[in-house]
C-alpha cells in the first residue's frame, strides 16, 4: 500500500510540474510535439529512477556536508549515459531535444527528489517515488505537448487532426509554451481550489 | 502680459454668477447662538463661563492652553444656557457654548477703539490680534498672531493677501474686496508693520477685476503695496501655489511660507485685523456665501459666529428638492455636514447645498492610468500611485512618494474619469504616516 | 567586430535566453517580484555565467579535448558550476548580507539554473574562441538580466492588479512572459 | 430605525466632479475612429466590414463572458469595442473572419482579463491580438489587396522592403489612403482627423504621438541623407503602414503607456526608434505593432524612473 | 577510462581545495535551527507574536527572547514542533481564543445620521463624525477587520457588521489591532456569555441611538446567581461587564437583558475548544480526555 502511495502521489497530488512548479524549462522548450514530450519524459524518468536508486543505496555512505555535489555528480553520470544512448539509438529525437538532454542534470526535480526522498528512504520506496514522479512529469509534459502540437501544428504525433491552415503557429513558438503552461496552471488552480 | 500662475490645476465651472453681484446682507441674529470651543487648528479651548452666566458681546468665553491656540468670544450679549458636545462643521463633535440672545447687543468693556493706531508697536499689534481671536478665515483657521510672531533666523520679505477665492460658488471674499477695500488695505498695513515688512501683494483672480480695481485704488496711497492679478484656475488660492505665482518661490514640503520669507493672509482676515486694531472688536462675525443649486435664493451674508446653517438657509428661501450634500466651505475642499443644525464658525467661508447633479453618477472604475490626476496635481505628485499604496497599506512606499506633500485640493478627484476617491486614500496615508512618525518608529504596519 | 556585434544583438534580443531559449526559467519566475532583488539576481547570474563560460571553455579546450574525453562534458561542467556557485554564495554571505538575504534560496538554485550550464554547452557547440565565449556569455547574461528587470517592473505593477485568484503568482507570470516573448518576436530577423 | 433615503450624504471632498468618465472617454475614442472607419469601408468595402464585425463581435462577446465568469459588474464600458475596432484596423481586409474573431478573443481574454480586466493590462490588447495573428497565420496576415478593386498586391512598405521594382505609391496616395494595407491604417488623413479630435478633447497627450512621429521623421531623414534618398523618403515612412494609427490610437492607450510626462516623451521616442529599426533592419516590413508592444514592456520602468520632482523640492528657493 | 577518472579527480580535487579554503576564510555562523523552525511556522506572517513575520519569530525563538505560545495561529501542534527542535518543554496549557465583536448594532438596529460615501476603510470613515451611526462607540461597518484577517475568518454580514467564523479564527489578533474602535476582543472559547456593547453613555442616550445597546438598567446585575456581572465605570460613563472567572455560562443575564446587549453563543464543537498543549514527544489524538480531566 505504502509503495503504491509513493508511486501515485507524484501523478496528481504532488505533480512536479503542476503542483510544485519545478522543471519548467524543458516543459516550455521541448513541448512543441508529443513525440518530444514522450522522449523527454522517458529520458527524464530513466535518470530519476537510476539516480534515486544509487543515492538511496549510498545514503549512509555519503557524508552530509558534501551530499549535494555528490548527488550532482551521480546525476550527471547518468545523464551522460542517457545522452550517449539516445545519440546512438534515437538520433532524430536526440537532435530535436538538443541541449535539453544534458540539461536534465540541472532539472530541479531530480535533485529535489534526491534531497527530499531518496536520501531518507530505502531503495524500494525510492524507486516507486522516482517512477511516480517520472510518470507524473511525463504526463504533465504530454498534456502541454498535446495542446501545443494540436493547436500549433494541427497534428497529434504527426497525424493531422485540424483542417489545413487553421493551426495557430504561435503555439509552437516560444510564446505558445508560456501561454499553455500559464493557462494550464491557472486552470488547475481553479479546479483544485479548495482551501489549502 | 501673461498672468503669473502655477503648473497643474483645473478649471471647474465657477458658479459664481449666482452670488457675485449680490451685495452682502447682514444676516438676522438668531435667538440662540452655538459657539464651539474649537474654531482653530490646535488644542481646543477651555470654557471660561458656566451655565447661567451673563455674557456681553465680545467677551472672552474660551481660552486655549496650547501655543497654536486662539481665544473664543461671545458674539452676542445674553445668557449661557448650556455647554454641550455638539456636531461641528469640521466633521467632529466638540463642546459648544450655547448663548441665549438678550438682544441688547451690549459690548464688553474690553472692546475699546484705539485712538492712535498708527503709533502702535509691532508687538502690540500682535497682542491685539491675539486678543481679538483672529484666525485665518480662508478655512485653514491658523491663529494669526502665531503667524505674525517672529521666527528665529527668518525675515518676512512680503505679505501676500489672498483674494483669489478659487473655490466654486463662493463670493464672500469678492464682496468684501468690493465693499471694504479700505479696511483690507488698512489691515494689510498693520500686518506689514507687525512683521516689519515693506512689501505687500494683494492677489486677485482675473474673474474679479472689479475687486482688483477697487483694491488698487484703495492701496494707491500705501507705498510698497501692489495688486497682482492671477488667472482663474483652481487651486490658485492654495497658499504654496499662490506664493509661487506671486514671487516665483516654492515652499519646500513640510515647511511654512516663512521658509521663503512670505506671509499669506486671507483678505477677510486683513479686514478683521483692521477692525481689531482700530475699533478693538474681536472676531465675532464673518462674511460668507450661501449658495449651491439646492438653495432657493443664494446670497452673501455678514453672519455672527454661532448662527446655525439652517437659519441662514431659511433666510435664503430654504432648500430646493433633492439636496444631497450640505458643504461647509467651498465644494472642492469643504466638508459635508450631516445636518444643517451646525453653527457657523470662524473658518466657514460658505454654505453650499448641492443636489446630485454635479456629483459623479457612474460607479467607481479601476484606475485606467489616464494620468489626468498627475497632470492636474499642483504639488506634482502622482495621486493614483499614492492611492494604490494606501489601498494596500504600503505606508512606507507612500511616504517615499511624498504623500505628505499633498495639499488635498481635490483637483485629482475632480478630473478622475474612474471616480476614485483619491484624496480620501491619500488622507488615510497621511494619517498613517503621521501615526508612525509619532510612534517614533520607521513606517511599518499601519 | 561585426561578428561580435551580431553575437550581442542575437543573444540579448533575438534569442533572449529566457524568452526564446527557455533557459533559467526558475529564477526568472522566482526572483522577479521586486526590482531590487531582480537586479541582484541578474548580477549574480551574470557573474557566475561569465566565469563559468570561461572556465568551462578552458577545461574543454585544454583538458577534455586533448584527452579525448568529450563525453565527460556534462559531468565536468556541472562540477565547475556547482563549485563556482558555492564560492559566490560564500563571498556574498560574507560581504553583502542584505543581498544574500534578498536572493535567499535562489542563490543555490543558480547551480541548477540551466542558463549557466546551457550557455556553457552552447559556447562549445558553436566552437567559439575565448573572446567570443566571453562576449557571448556576457550578452546572454545581459539578456537574462534585461528580461528579469523588465519582468520585475511589470510584476511590481501587477501587485495592484485585480488578477483572478487562480491566475495569481506563477500562472500570470508565465502569461506575462508569453506576451513579452511575443513582443520580442518583433526583433526576429534583425540584422 | 430611520429611512436612509432621507439622510444627507457625508462624503470626502471634493463635491464637484468633472464631466469625464471612463465610458464617455471610450465613446470619444470610438468617435475619433469614425473617419478611419468610413475611409476603410470606402476603400475596402464589404470585405473590411466583415473583418471589422468579427473583431468587434469577438471582442464584445468575450468581454461579456469574462466579466460574467469573473463576477465583475458592468458591461465593459465600450472598451472592448475599442479593442475590437483597433484590432480590425490593423488586419488585412481579406483575412478570414474566423481568424479575426480568434484574434479578438485572444486579445480580450489573454491580454486583458487574465491580468484583471480594465486598467490592469500591461500590453495593448489590440496589438497583442495582431501579434498573435501575425505569428500564427503569417501568410493570411500578409496578403494585401488593392483598395476599391480588391486585387492582391503588396503593401507600400512591403514593396520597399522586398525591392521588387514595383512602383511605390505617391505621398498623396499614401496620405489619402488609396494604397494596399491594413483596413484602417491606410488613410493618414482620416487618422489625423481622429487624432486631432482626441487631442482636442484632451484624452491623449501630444507628447506620445508627437515624439513618436518626430523620431521616425528625424531618423528616416538621417537615413535619407546618408543613403541619398530624396526628401520624399521620410514622408513616405510617416504616412505608410500603421504609423499614424499606432501613434494616435495605440501608443497613446492610457493603460499601457507611461503616466509621467517625461516617461511619455521617452516612450514616444522609443516607439519611433523601434519602428525605424524594425522597418529598416528587421525581418518584417512593418514594425509599429511590435515597437509599441516592446515599449509597453518598458512602461513600468519608465514610470518608475521618470518621476518628476515634487513641488518645492530640489529647486533653488531664490 | 583512466584518463577520464584522472581528469574528474583532478578537477574535483582542485575545486575541493578552493572551496575548502574559502569556507574557512569566509565562514559565517548561521544557526540551522532557524531554518528548521521556519519550515514549521504557519507562514501567515500575521504578526500576532509582535514580530514582523514568521521568520523573525523563528530567529527570536532561537535567541530565546520569545515564548513559543506567542504564536496564536500555530496552536499546540506548533508548540510541540518547536519544542522538538529547540528541546524545550511545551507544557503550557492555554485556552483557544477567538475574536468577538463587542457591538451588535447593525443596519436596522442603530440610528444612522447620514449616508457615507467614500472608501471602505474604518479609520477613514471615522474621520467623518465618527462614522455614520449615531453611536460613536460601535462598529463603523467598513470591514477593515475582514480585510486584515489572514485566515478569511471574518466576513461582512448583511446588516453591515463583521461576522467572525469561530472555526476559522485562530485568535491571531490582527483584527483586534486593526479595529480603530477597539471593539474586537479576544475571548476564550469557553466564555459563551458576553456583553456585546461598550457604549458608556447614559441609558437614555444609548437606547435612543441603538436598539441593542447596554442601557445600564442593571437587570443583569440583579439576576446573576453568581454575582458575575456588574455595571461598572467605563470612560465617561458605565457599561455592564462580565467577570469571566465567576461566570458559569448559565445565560440568565442574556435572557433577561431587555436590549439583548448580552449575548450567549451556542457552545462551539469540540474541535475548536480543544486546543491544549501536549507534552513533547507524544502525539495528541484529540480525544478530549485531557481537557475533560
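Should a chain be cited, it is by its letter among A, B, C, D and E, assigned in written order, with residues numbered from 1 in that chain.
Keep this in mind: contacts are C-beta pairs under 8 Å (C-beta built on N, C-alpha and C of every residue); 3 or more make two chains touch, one makes a residue touch a chain.
Chain by chain, the UniProt names read as follows: A = Ion-translocating oxidoreductase complex subunit E; B = Ion-translocating oxidoreductase complex subunit C; C = Ion-translocating oxidoreductase complex subunit A; D = Ion-translocating oxidoreductase complex subunit D; E = Ion-translocating oxidoreductase complex subunit B.
What you see is a predicted model; the values in this text were computed from it and never measured.
Novice: Write out the two chains that share the greatest number of C-beta pairs in contact.
Specialist: The chain pair with the largest number of C-beta contacts is B-D.
Novice: Which chain has its C-alpha centroid at the greatest distance from the C-alpha centroid of chain C?
Specialist: The most remote chain is B.
Novice: So, comparing C-alpha centroids, which chain is the farthest one from chain A?
Specialist: The most remote chain is B.
Novice: Approximately how many whole Å separate the CA-defined centres of chain A and chain E?
Specialist: 43
Novice: On a C-alpha centroid basis, what's the spacing between chain C and chain D, in Å?
Specialist: Chain centroid spacing, chain C to chain D, equals 33 Å.
Novice: Averaging over Cα atoms per chain, report the distance between chain B and chain D in Å.
Specialist: For chain B versus chain D, the centre distance works out to 47 Å.
Novice: Take the average of all CA coordinates in chain D, do the same for chain E, and state the distance between these two points in whole angstrom.
Specialist: 51
Novice: Considering chain A alone, which of its residues make contact with at least two other chains?
Specialist: In chain A, residues 170, 173, 175, 179, 183, 186 touch at least two other chains, as defined above.
Novice: Could you list which residues of chain D touch at least two other chains?
Specialist: Where chain D meets two or more other chains at a single residue, that happens at 7-12, 110, 114, 116-117, 120, 132, 135.
Novice: Out of chain E, which residues touch more than one other chain, so two or more?
Specialist: 113-114, 118, 124, 128-129
Novice: Give every residue of chain E touching chain D within the complex, in rising order.
Specialist: 108-118, 124, 128-129, 132, 211
Novice: Over in the complex, which chain B residues touch chain C? Could you list them?
Specialist: Spelled out, the residues of chain B in touch with chain C are 366, 388, 391-392.
Novice: For chain D, which residues count as touching chain B in their complex?
Specialist: Touching chain B from chain D are residues 7-18, 20-25, 73-74, 77, 116-120, 203, 205, 254-257, 259-261, 307-313, 315, 317-318.
Novice: Using the touch definition from the top, list the residues of chain A that touch chain C in their complex.
Specialist: By the definition above, chain A touches chain C via 21-22, 24-26, 28-29, 68-69, 72-73, 76-77, 79-80, 83-84, 99, 102-103, 105-108, 111, 170, 173-179, 181-183, 185-187, 189-190, 193.
Novice: In the complex formed with chain E, which residues of chain D make contact?
Specialist: Where chain D meets chain E, its residues are 1-2, 4, 7-12.
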